[in-house]
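Both complexes shown next keep subunit A, but they swap its partner, so subunit B is in the first and subunit C is in the second.
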Partner chain A sequence: MVSRALLMYIASRAATFAATIFLAFTITFLLLRAMPVSAVENIIASMTAQGQVYDPKALIQLRRSLYELFGLTGSPVEQYFRFLYRFLTLDFGPSILAFPTPVRELIMNRLPWTVGLLGFSVVIAWIIGNILGTLAAVFEGTKLSKALQSIALVIYPIPYYIMALVLIYLFAYLIPIFPLTSGAGVLTQGLTPAAIMDLIRRSTLPALSIIIPGMLGWWFLSSRTLTLNVLSEDYTVYAELRGLPRSYILRRYVLRNILLPQTTALGLALGTIFSGALLTEVIFAYPGLGQLMYRAIANGDYSTALGVLSLSIIGVATATFILDIIYPFIDPRVRYR
Partner chain B sequence: MRKVLSLALLATLLIGIVAVAIPTSAQLPLPPGVPRGDVLVIENHYGTHADPKNFNYLVPGRPGFGASGFSQVCAGFLWYINTTNSELINWLAAAPPEYSDDFKTMKVYLRKGITWSDGTPFTADDVVFHVKMIMKTEGMNGHYLFLRWVEDVYKEDDYTVVFKLKKPNPRFHYFLTVIIYGAPYQAIMPKHVWEKVKDPLKFKFYPPVCLGPYVLKNVDPGGNWFLWERNEDWWGTKLYGMKPAPKYVLFIHHGPEEKKALAMSKHELDAIRTFLPENFEVVWKNNKYIGGWRGKPPFAWPFDACVKGVAFNVLKYPYNITEVRRALAFAINFKVIFDAFTGPDGSKPTPSVLPVVRHVYDDKPHYVALKEELLKLGLDPNPPKEIQEHLKSLGLDPSIVWWKFDPEYSKKLLEKVGFTYKNGHWYLPTGEKWVIHITAPSGFEMESQRIAFLVAEQWKKNLGVDVVVEPVESGTFTSRQARGKFEVGAFWPGCSQLLDLTPHIQSWASKYFDPNAPGIGWAGYKFPKRAELDKIIDELESTPPWDPKVRELEKKALLIWAEQLPWIGFFPTPFYTLHDKYCWENWPEFPENYYMDPVYWWAQMLFIILQLKPTGRCPTKEAVQPGKPPVLPVEKPTATPPKTTPKTVAPGATVTVTKTVERTVVSTVEKVRTMFTTVTKEVTSVVTDWTTAGVLGVVLLIIGIAIGYVIRRR
Partner chain C sequence: MRALLRSLATGFANVYTRNLKFRIGFTVFMAILVLGLLSLWAPPGFESWYSYPKDRPPSPQSIDLLLGTTTHGRSVFWMLSRGVLNSLIISFITALVASHVGLFIGMAAGMKGGIVDKALMLITDTFVVIPQLPLLIVLAMLLKGMLTMPLLGLLISITSWPWPARQVRAIVLSLRERDFVTVAQLSGMGTGRIILSEIMPHLLGWHLINATNTVLYAIGSEAGLAVLGLSILDKDTLGTIIYWALSYSAIYRGIWWWIVPPVVILIVLFTSLYLISVGYTEYLNPRLRYQR
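Here is the complex of A and B:
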């Protein structure tokens, strides 16, 4: 039997979830509209650059027909409601950048790439980073622990761009075991085992570039610090004094306590994967959502930008909502009130 | 605890094993078994394509025309311009265009025997359909252009197309000629494919049907690469013996420039649009097979299509004051800018004080012809020796470099129009502090960004004026320029690749000014000689390019420009358009093998691909030696050669051909020297045949009469 308190709790969180999404959408819409970029003017400028000299009357006509073609006519209020409808139906209309391809199709083409890369990399980095961080804290003072700490402190401040280029230089140029280009190889025979292996191989460097700094950076350092804090808590000291086995203390006292903030961070990290990893995608020429969003924003393609940003909004809001719901299960101290 | 530790180690090990154990071959995305030597690898300079399976470039704003390879290896164009000499290349068109005397009709002759990649014959129907489809489809690329000029287009026969123009235009064929890069509406579309399409703007044209020597083999679903396969049934091979050597052409995006430099260093990229000097250096040090505009250092191409510099918004105060613009020009030490663009290999830019790219063929009629006037306007009479030497090495007049560096004169000019300098700052005549805001590109066109910062530094240092540089992303940059929302911008309004400047400068006329998108405002700028400039453009537009009057009119227009200086151009920034001679050779190189400019991202790249040869250093299976060079004969229809004796037909045939020659010459760009020579030679030889026959006949007649006379007398 579901308690009334639980229902009230879920209802209030659901309301917050809906309000967050609505607000985020409105802010995104306003920000996109405030951008000093006009896709139509850019298109006309590119046509002029190709040697097309127009008389002003023709330009007015051209401008009008392009606005109509891309569905950009109407007052800002009309456009807001049009885009709100598109957002609610998750049909963002045709993209301007890749007209007439629907934004939904562009997103669906990129989504597996992004989710595949970021989902895998974030989870792996989280698991290994947390395990290593916890172990480094538990075995504080040992040579291995010191070595891991030193590596983490060196890796953490390295700019991502440099780290990725170092990986490329080492493993695609100096010791060329990975290809320079990411994405797909030639899939002439469809998704054969060889093609899948090729795909994995082409995605390994981008994945490593996310896993290494994540694993040995934030996840390692935060879990180590959290573990050290928990280890110095009175209840842990008391448990040791009681003579409880060390593995039991680690499992029941330490891990469970550091899991709460780390799971929250993981949930949010997974929520943000829908906006892609722009730097990774640019450096590795990886066909994810980040590049799509960047190009859309840079070129004033409102429909595509709004499509990708909506996905990100929904992703983060949903992750937060789910975390809110499952919190009490992870931490009994949290109650439905 | 040990278990946990073991698990962690195991996971780490697994990742390592997976990473290392995977095979290391096939770094490039090639079909299984295809050796590197069968593939020409060219940079896809656009980057990751959002929808790589859309080849309908007639959709406005659709990017990637020259990045996917479509314009270079698949599309079919009537004519091209060879930018090394401004010559017209007849491609699908069998001859140069033929205009009526009033320039209201243009006739296009097509080559016979051309077929689309699916085997369908290419005929006048395709050209007529293509133009009519664009005219019918509002918003389509080229729609308003054709609508403005074309009254009607129809076929006279299967290989002759007639354009009836709304008003006279002796340059209408430029719209159908690849001059710089190539425009999507210039690539003829197949009627048999598009006539079945309901909404041409929503059609993806995938896979594309080609007229070029390659067909699409595969596309990266992620949008990074396009693989084209040689069409063994290509019309060029069957009709003219041309055959490209590479079995495949791969257009690929490797990522940022640093990665492209690594790719070229390890022979995984054969041609690239450009490198920044620092990345060029990486390639230069690691790949001894590279070449550029020259085969040896200095490599950079000095004639990119546009003269880079900074443009003023001449509709915005105080840049609407001529003295202000001139003052700012004289406050720049050109040598500093020149040195900043001198590359590590000694590549130097070509100083271009006028908004005309300074090719050898442009120097005399445009630069030297205006030298005296330019000196009066402030051309540096004693330019640096080093720059003079450089100009000499290119065959250009060394005494014409740039405006003099005279900050004192700049200050006087500013004070003359009411500016004041106090407490280390300049103040506008209105009393406000003068701060110059320069809009610069960010993340692209980095050469122009560099120019913006260099100019800012010069103005700060030499004039003491406050300057702020604002680098912005491409979309914002273009929008600001188009909408005129800037003060000064690192734009490049002066582009040219033709000796005939009309298409490059006609937009200066006030009739083309669009208040909604004023750009730098030059067309809408009111100044005392505005009416004169408009009249010059009107005259230029109605004067055929081969008329000597054109040069005079161009000079007048350029002089007015130089008096007003609506923008300051320095030079086309040296372009490190590199190629790798490890797998492929016979790239165009100045001066020994200068058959084309290194325009790998332009449609003219086709002519390079058709001449490349495998070096033998890379393993091949299906690469071949190239066929005949892509020099196609003029095949304009002439009167059918007589089947009877020459005596009866010869005079008429001779007259017809002679008229044709006159018309051909009349309807061609003035500087189309080779074409002219080709036509003249061809026709001359025909005329000579008939003349010989005629002369022989006359001689035989005279001999006959003489013999008869002798016999009769005896």
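Here is the complex of A and C:
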């Protein structure tokens, strides 16, 4: 079954994938080098100025990894490759914020929280948004469809973090049914039913702030447009003339055609999980990567910030790559080229 | 140049009279712009703390107290007005830089084709892959304390030129194959002349849409950076007002008039800019009118 063409296709996609990641890190490297500040000395100076006593050995290690992260050791070529190596292996040395815990460990601790929240919210928004969009197109012209469309026009351009502020105001202040923050430290007593209920209650607002803009914004608008396009195609009109039942047309003609591009878009959206809702987490004090990044900023912890950046680059590039690979399997019209 | 301006003016008149979305968006945007410009006549002391009693709820007795005062004893109305102006200045700088970089790169890629096209598009696509907010955060973190409004505008431009570039390239590619361009080429017109007199007039509308979208994106990015405390914190922008309100727990303390106005203005601003962009797109590409 594995043909030569398929192998060639995978190889070429893998090359593009490698090239993108490589270029992305190169651009990050160049941008960091172009900065007019000597960040490392600032960081070390501010750390020692706070009067805390650090283990000298650990400090030397920190300075070395910072120099490598900012591409400041050795010849320019060497600098560049050290930088690349650290980014690709996600090895960012010790964190400044939680010195001397490695950045990688901090990130790994936060990862399940972010992936859980975002994975759930993105998928839910996708499902509901697509259903609403398709229905709005099928019942085009009705009052409800028009109302939904106007709502979508308003909601689509609003960034999720502004939506988060609106939700806080509405549901934590005006009608206080949800807690203000999602707070860390839940689940410390283990997975009791009460703890799980509490977790759900605390995560509802952060999740809604991602679900609402996605659901009523992009997913609604795009699935509606796609459905309207398919409905105006000749083959759909012909199917109607043949007297095929409406539900059959919707299932076999419309749904199949809109699911393809929408699945692709879902994959891409899932790729942005690591950077998808940094600010929602900050606003709700949700213990994920976003909050980690926020603390990193507040404490001048550049290694952690670069760690989150690199993780999000790898996430998006990998999602694109995986989609490219599986696309021919789900869409018979795409041939390996 | 005069021809370009004239086509711009007639285009505007046409789209304004024919497209409802554009008309609503444009009117609302102008109203917000006026609100921003009002701050040029703000009372001199409005930037300093404690020029007003603190934490006063909104009251209609004077324009200074119309939206209440903050914990810093500052008038929310004048902060909001200056915030709108500053946010618009930052985003106009971004729109000016990013949409023109995008225009130039997209045009070069589209007109040259071949290896130039491939190389430019690889770079553009890579910038699309780099997550924009984390990149902006890292860069703004390094420049913390040194940021000025033009610099912040430039910083946001780094992540906002790729979309215009892709858009312009796609349009140039389709224009290049049109008959009138071929006719111009066959009649011996130089590439520069063709770009200016045959391609540009068709591109201009899309360029304006790209600029509008960039303004939208830049306002959002500034607000996003500000929530993290990475904007210019001693200047009023829509983002920094939200930042200070959040860091003084305005919502929890019930001082809603500090945070609601900037959020509402942001939402109205986003919606109006989006309506302008959608309306103009529908005008340029009437087929979309039935699809959207």
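For the reader, a short list of remarks on this structure follows.
The working rule: the second predicted complex is superposed on the first by the 258 of 337 C-alpha atoms of A that agree within 3 Å, B and C clash if a C-alpha of one lies under 4 Å from a C-alpha of the other, contacts with A are read in each partner's own complex, and residues count from 1 in each chain.
What we mean here is this: a contact is a pair of C-beta atoms (placed from the backbone, for glycine too) under 8 Å apart; a residue touches a chain by one contact, two chains touch by 3 or more.
Values in this document were obtained by computation on a predicted structure and should not be read as measured data.
In the superposition on chain A, A:Ala172 contacts both subunit B and subunit C.
Judged by the touch definition given at the top, the superposed model places A:Thr225 against subunit C, while subunit B stays out of reach.
Residue contacts after overlaying the shared chain place A:Ala298 against subunit B and subunit C alike. Looking at the shared chain after the overlay, A:Thr20 reaches subunit C, while subunit B stays out of its contact range. When the two complexes are overlaid on their common chain A, residue A:Ile162 makes contact with subunit C while staying clear of subunit B.
Shared-chain residue A:Leu32: touches subunit C; no touch with subunit B. After overlaying the two complexes on the shared chain, residue contacts for A:Ala98 are found with subunit B alone; subunit C is out of touch.
When subunit A is checked against subunit B and against subunit C, the one touching more of its residues turns out to be B.
In the superposition on chain A, no contact is made by A:Leu260 with either subunit B or subunit C. Of the two partner chains, both subunit B and subunit C are touched by A:Ile283.
Taken together, the two structures place residues 35-37, 39, 165, 168-169, 172-173, 180, 282-283, 297-298, 300 of subunit A in contact with subunit B in one case and with subunit C in the other.
If you check the complex, the residues on subunit C that touch subunit A are 21, 122-123, 125-127, 129-131, 133-135, 137-139, 141-143, 146, 158, 216, 220, 223-224, 227-230, 242, 246, 251-252, 254, 256, 259-260, 263, 266-267, 270-271, 273-275, 278, 290-292. By the touch criterion stated above, subunit B contacts subunit A in their complex at residues 1, 4-5, 7-8, 11-12, 15, 18-20, 22-24, 26-32, 47-51, 54, 59-63, 138-139, 141-145, 147-148, 174-175, 179-181, 183, 201-202, 204, 218, 220-225, 227, 252-256, 258-259, 262-263, 265-266, 268, 472-476, 478-483, 485, 503, 506-507, 511-517.
The touching residues of subunit A, counted against subunit B in their complex, run 35-39, 41-48, 50-56, 58-63, 65-66, 68-69, 95-101, 105-106, 109, 113, 124, 127-128, 131-132, 135, 138, 165, 168-169, 171-173, 176-188, 194, 197-198, 200-201, 204, 208, 211, 246-247, 250, 281-287, 291-292, 295, 297-300, 304. Looking at the complex, you find that subunit A touches subunit C at residues 19-20, 23-24, 27-28, 31-32, 35-37, 39, 153-154, 156-159, 161-162, 165-166, 168-169, 172-173, 180, 221, 225, 228-229, 232, 272, 274-275, 278-279, 282-283, 293-294, 297-298, 300, 302, 305-306, 308-309, 312-313, 315-317, 320.
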